[in-house]
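Structures incoming, each one as structure tokens.
One chain, chain A, links the two complexes that follow: it is found with chain B in the first and with chain C in the second.
Now for the complex of A and B:
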């Protein structure tokens, strides 16, 4: 209980008198009715879509004209409300628009709300219960699901950690981040449920992965966290989900991965549009971004390409542990890992960082993978 | 209902109509805002190719047109030989929905069966933001009597 009231209201005679006077006499103060807030008319541009945040982008309530530095609102007052004396300083950590804003953030929020799904009822669990996976495949799949549960738990913690630290004026971003926390919690749920229904339970936690997750969780600023989480890590995971759908052993598993990839692609979309906003408005931040990515890429390579992540992919892609299965699994996994890095660079290029391809240490990893593609497995 | 040939504008307009009939299913999946192309390439030299644009807005398919070329408004293009499209559609027709080898993500993943063409990675990612809706849209082909005049069957199953 760190924050204490400066008054004990039940012992405050003036406060009690005012309250009792109103209830006794019926004489209302009504000063709150006379605030000079803006009166506007908001209507849905598309009745089929409903009333969206974009429809509310009007006057002092809107977001288009929001300044880069939020100086006035230090409280929890919703943007556009009157702010009388006495509001607390909520001490938001993030008060610069460029640290959080993204093109179309209001659209991503509406899409997130509209495309929610339910891990308990939208996956045909009864159908999955009838499917017995071969031991090798089942263990490899359970290891992948263990890794993904680990990832998604921290992907829930990170947006949730920052949600209350953003200035209240960033209403649309806060709401989007709230949907992300919900999405990631659902992903952790669905991967845990699937792991426990494979018949093999959870397998092994990953030190490499957890060190990367700690790096993501402990970012110094929201801008760093967004770059590391939304764009880099989730971008990599999006390609991984698509690959996981590709190698999934059943139709129900494919549906599971289609549903999680939808959410993940939306988070990556926010990350891309945020980075693009920063580069467009504050190009001087380019070097800071590169320096962060230098370390983030080191961590993600350590996490995403370590033994306990790569080997389940090889087994699942090759469909077994025989020599020919492993050779085929390695061939397919090499292509996936190359694609993962390629798509990451494509996104950075689109955001305005084309030079990252040359500067990044992942370019070296890409060269190694490219060379490996031309080398027969076992040679 | 008379059989509809593939590829044709009539085929995609029938999927559009069926999507309207099953509005509740697509409403449950959520907003579906994307424009993408379908490029059916020939199986043999000299055979014709076809291009279609499919546009989706809110919960509906609002456009299913044959086009001569794709414009800048297209987020991505699904491209592949006629035999691959035939195998996918026959699989859907036979099973009511795509099996594990014939879903859009599986067929396009490494670009060996179908390819995804795009200029903008943000547009490309819409294939995944709306993955379930797109798959459900193609699964509507289970309700269409489709003919494939002059098309060879081919092994189109996705291979890495």
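Now for the complex of A and C:
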């Protein structure tokens, strides 16, 4: 056992005597009843929206008044509750608000709770299973789906790894992490199921991307991990989902990508609002952020090795393997890749990091890609 | 940063050449003939949709997962072709009978179907202007304070393990994600309930938190599941059921009924996982019994805490008058008896029949329940 309670309750005579006396007689101590916590009665500001965490942002219970450093609560005590002596140390590693907080995190959580969809029933599987995709398109699509089901659960594992390390006072963030874990499990599920209904099954794993997943998983701090996962990786995946909707072989597949995009946008939103919070409150962290992004972008650029991702995209975009299909597919794929990188820099600019573009090797690579866009395929 | 790429790709001429070739139309198609099993899964029931059970086919299915998962340490999807140099992600739970349960797939599907949102699925406006006596509101607020503490721990438990469990056990990991969401929902709903009654939060509980911390700190996943899903989950089921039964308003009845639904899934998984574990590793029964004997005092820590016991007596009896407290104490004694009996029954059903015989709980409760 890694932790033992300060006492064995079944050996503590005073504890047991008191409990037994209470149960036998109904005589109560009631010291908990008059603790000096704030008396409030929160109400929904909008009956349609219901009672949200924002409605609970009141006084000592709220997140607005939460200080940067959580000094008092190292236990599981709910924020604002009376904390008697003797509460155990929950061993939270993250006790700085700026490490985890994001503007509107409470809004993202509430949205996630109301927008949970079901991969089992919300996709017309019976209809999809009867669709025979041409071999070229079917294999390319199955390969794209294999990549997507492979990478999705990193966004479960990584935030979950940090959930228990965050101070209990950050429960809005913990709750958001829990919704993200479920979102990503659903994404892994829907992409796996779709691959297994194409007639082709799963295809090849993606070694380079696996190394990128490990990079994300092994981040040193929650802030670093959130930057890499939520903003950079999921941001690029969001663009990929949009293009995947565009190149999807059926209407049901387009619906599938619209649903996953909805979830992904929330995660990216959290990542952006977290970075914005950090830049607004702690501008001295800029250099640390840049150094992290240097390596994150190295992995992004190295994804050029992932022909098991790029080539299916080309085939799906061009709708085939003939010369003219490939030429069209490459044209669309180049635009997608440019869009992916451009949107990444736009997000960073919106978060208060406009200088990233100047500093980034990825930005220079993008310029080369833009030049290549003007060059006909095959020349 | 703990992990770096093995090279600076921006200086990798091989990469530039490959990208040039591919984007000039020379596709490698290295992935095109993977040799993996073709599959065309279909829903067995159109109404039910395409479940993981429908995808339990061939090398893709969970039935095909071996007891010991060797050589698969990445996040590659089960059944896909492994090639190249895949990293070791760092999973420490790689044995099927340490995590699996026969009902885990069904429970995951149920978790998705039975989702609810506290913001809108509880009639909060019904509590506004309620004429409920302040003493009952205070007791409710105190119970909800403790339930929020319990939910925070119960949310953390799956989070501690999900990233350590091998990705081959996708269905279990997905269930754990559902469990995290369930407990996040409980954190939310109990906090909201405490902050709508005019009382605010009350007192965190030292014995409850000490007990929970010990359950959370179990060394292995099977022990964690036993402590959190079977023991603590069983207490949650009993508490929610009782609180739903004695609720005097629609909002509370709904809160506790919906929460009960969620907690029952955790218990079902925990019992199922224990059965699976002991079926494959029968020698663990003795060790798990020992673990229960060492940790069973945490049950007394939770149930005997004044922050939980006293408000339950008030709510069970309907108030603070002597007669009400007497009635409440009597109901709570009966409830305790039933709760412990249920725990023992679950453990016997799961294969730990020797534990109840050695447990100190009956002797402890005998004195308390004799009235």
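A few remarks follow.
By definition in this document, the second predicted complex is superposed on the first by the 375 of 379 C-alpha atoms of A that agree within 3 Å, B and C clash if a C-alpha of one lies under 4 Å from a C-alpha of the other, contacts with A are read in each partner's own complex, and residues count from 1 in each chain.
Going forward, a residue touches a chain if its C-beta (ideal position, glycine included) is under 8 Å from a C-beta of that chain, and two chains touch if they have at least 3 such contacts.
Since the structure is predicted, the reported quantities are computational estimates derived from the model, not experimental observations.
Touched residues of chain A were counted for both chain B and chain C, and C has more of them. After overlaying the two complexes on the shared chain, residue contacts for A:245 are found with chain B alone; chain C is out of touch. In the superposition on chain A, no contact is made by A:137 with either chain B or chain C. In the superposed model, A:51 lies in contact with chain C only, and not with chain B.
In the superposition on chain A, contact of A:332 is made with chain B only, not with chain C.
In the superposition on chain A, A:161 makes contact with chain C only, not with chain B.
Applying the stated contact rule after C-alpha superposition, one finds that A:269 touches chain B and leaves chain C untouched. Of the two partner chains placed by the overlay, neither chain B nor chain C lies in contact with A:341. Residue contacts after overlaying the shared chain place A:116 against chain B and chain C alike. Of the two partner chains, chain B is the only one touched by A:259; chain C is not. Note: residues 49, 110, 114, 116 of chain A belong to the chain B contact set and to the chain C contact set alike, using the contact criterion stated above. Note for the complex: chain A touches chain B at residues 46, 48-49, 110-111, 114-116, 238, 241-243, 245-246, 248-251, 254-255, 257-259, 261-262, 264-266, 268-269, 272-273, 317, 331-332, 335-336, 339, 343, 346-347, 349-350.
Only residues 29-31, 33, 58-60, 97, 99-100, 103, 105-106, 109-110, 120-122, 124-126, 128-132, 135, 158, 160 of chain B touch chain A when the two sit together in their complex.
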